[in-house]
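Structures are listed in the sections that come next.
Each of the next two complexes has chain A plus one more chain, namely chain B in the first and chain C in the second.
Now for the complex of A and B:
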């Protein structure tokens, strides 16, 4: 689910186009966009606090073979939510599951990882380390 | 996940369907005794009629605690309402903003639901009661605001204590609960301001 939600829409479209037979489906809940409150914890362990609201699009669909797929993606792309839900449903079908797991999920995860690594590299190149003179306010020093 | 596999579809067009059903319920509430028909827009789960489902999808949401008829708990209808309406389910009739009743003969007495307070009469409960049948003509005579002279209706399957309880509820005005009767695709409303003679 996370992989499908984080994948680029173009990559998902490519994967969808690569399917031999495009399944037909009915909406259980048509795509809708809303806000969710994102919570964070200071340092990962502190008290939870509200970071802010994020736009999320969600949908639920049922394929003709009876699998129910759910898509929750960040942003307003209804098509992205639809494709995520569709792949979620297809991944539950016994005959497609193994193939899609390698062809789609692992490939998308790889693409995402590469994109993340490239972005981190770019950021890393401009990283600035701050050095301060110890002035005695750090109790551990 | 297994529960989700059986959830039927909600409104195909959530915004416009909910708006049109809301308008219809509003009109029905303003003109008590008049029976309105809801368009068949959602696939109702087992145990719920088309009208009950449409009213539920329109009115219930995460801010309205729902008291659900024991006949519907733990079955498809409960999953359906949780999924599409996102409403919290409560056991306590006093905290419920809505009640959904499908077996009126065994329902709690009307006085058990919240009637609101004099300061906030709008915080009272609204009951959606799915009945065996609704008819334009019948032994029940309604008078009050929104009705010219009087209206007569028939409602099937209500318990014996129902109309005496309603008199008490009517006497509580401006507090009191409101009722939405459904049957098949038909809806009839009974606000607290209406006097009923049987």
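Now for the complex of A and C:
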């Protein structure tokens, strides 16, 4: 579910378009946007405290084959929540699970990782080594 | 005290239309789009998210556009919007040790595991206006390294902690984790979690000035920027209907660990003390100021005396919120006509009495004539 939530919507749409037959489903809970209070910790490790809220969109659906899918995605995209829930349901189908795990989940995780790695290599280019300058001492000593 | 007035509907409607005209500016110039603001004014967007206390870059960018770049107004818009949404959950505390790093520096250690990563920063720029930018020059591009940054990015405070040189920050199991200033009013003395929530949404300018004051003789903390890190962390929640944790997305945060001079007692050897800053988005100045003020406000638990303005909890926490502050200052524009009439009456009376006692009859007569004319 994390991979589906973090995926770019365009990548999810591509994965959806690549499905052989589009599954039909009923809403258990149609998409709705709300908030999540995000907590941090004092000093990074201590007492939890509220940093602020983030928008989140959630939905629940049931496919015709009976699987229930849940989507919780940060932001306000109802389509993103819908596709996340739909793939969550399809991934529970014994018939499709193995294939979708490779074709969708692993592929989306790979795309995410590729973007992360590309950004990381640029940050790495800004790594600096500071040298402490000698102050006032005799350089020959 | 202000009073209700009637009338002015047409003038108000027209004033709002004129405001919108002003927002658009010269119609011969292209209109700025929300995604342009999100991508190219990202630090304005970050400030609106942090102080608006709502992580949503698209909404914050819209607020910047609608407010014509008045960020306090944009923060107000975002705060108002958040009241229209239901809260689904509280996240698990984000883990800033597991971060996709964009920037990470330490002013305390030269060489630290994971390295010093400048990332995108205004530091070391010459602050010269870039005239070529006015001509629309293309952006510079950095050449990526062959490898990414190290996966391990230990906190500087954890490194100091290996030697026991710094106080630790641990969770208090007794403390009610649901305390939330957006739902329960602030009570004094405030606990650190409440103070940090207040500071995280507090006005950057106010906290910057207070933090600055602690460095300039109105404080005695001797801070070092132990570590500043910025990057993307995962947000997880446990939805009621699922009962297990799921990741819902990623947010960018800035964290500052300020290391301050020692605290010790007969029972405990001296250790460095800590101040902490954490904000949504790219808000380094704010995170640093927040860490300075957090440390100043910790005088009670560290057995210090409150001697400086930044240590005055009520003063700091009651005045940090720019939506409240702006509202109360700007309410002075509301009709205070009745109030002012009573003030007028009072000052005329006082002046008349003054004239009676000390005899400047001419002035008093003039006042009376003018008062009658005004009525």
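By definition in this document, the second predicted complex is superposed on the first by the 121 of 141 C-alpha atoms of A that agree within 3 Å, B and C clash if a C-alpha of one lies under 4 Å from a C-alpha of the other, contacts with A are read in each partner's own complex, and residues count from 1 in each chain.
What we mean here is this: a residue touches a chain if its C-beta (ideal position, glycine included) is under 8 Å from a C-beta of that chain, and two chains touch if they have at least 3 such contacts.
Given the structure is predicted, the values throughout are model-derived calculations rather than measurements.
Enquirer: Both complexes share chain A, so when I overlay them there, do chain B and chain C fit or clash?
Expert: After superposition on chain A, which the two structures share, chain B sits beside chain C with no clash.
Enquirer: Examine A:6 and indicate which partner it touches, taking first as chain B and second as chain C; both and neither are also allowed.
Expert: A:6 sits against chain C, while chain B stays out of touch.
Enquirer: In the overlaid three-chain picture, which partner chain does A:98 touch, first (chain B) or second (chain C), both, or neither?
Expert: neither
Enquirer: Between chain B (first) and chain C (second), which, if any, makes contact with A:27: first, second, both or neither?
Expert: The first partner, chain B, only.
Enquirer: Is A:123 in contact with chain B, with chain C, with both, or with neither (first, second, both, neither)?
Expert: The answer is second: A:123 touches chain C but not chain B.
Enquirer: Counting only touches as set out at the top, which of chain B and chain C does A:35 meet: first, second, both, neither?
Expert: A:35 sits against chain C, while chain B stays out of touch.
Enquirer: Does chain B (first) or chain C (second) touch A:66, or do both, or does neither?
Expert: first
Enquirer: So which one touches more of the residues on chain A, chain B or chain C?
Expert: C
Enquirer: Can A:53 be said to touch chain B (first), chain C (second), both, or neither?
Expert: So A:53 only meets chain C here.
Enquirer: Smallest separation in Å between any Cα of chain B and any Cα of chain C in the superposed model?
Expert: 6
Enquirer: Hey, what residues of chain A end up touching chain B and chain C alike?
Expert: 60, 70
Enquirer: Name, in rising order, each residue of chain A that touches chain B in their complex.
Expert: 26-30, 32, 60, 66-68, 70
Enquirer: Per the contact definition, I'd like the list of chain B residues that touch chain A in the complex.
Expert: 1, 4-5, 7-10, 12-14, 83-84
Enquirer: Going by the contact rule set out above, which residues of chain A touch chain C in the complex?
Expert: 1-2, 5-6, 33-56, 58, 60, 70, 72-76, 116-130, 132
Enquirer: List the residues on chain C that touch chain A in their complex, please.
Expert: Touch list, chain C to chain A: 49-50, 52-56, 58-59, 82, 85-94, 96-97, 100-103, 110-111, 115-120, 142-149, 155, 157-158, 168-172, 175, 177, 180-182, 191-194, 196-197, 200-201, 234-237, 239, 241-242, 246-251, 253, 255, 257, 274, 276, 278-280.
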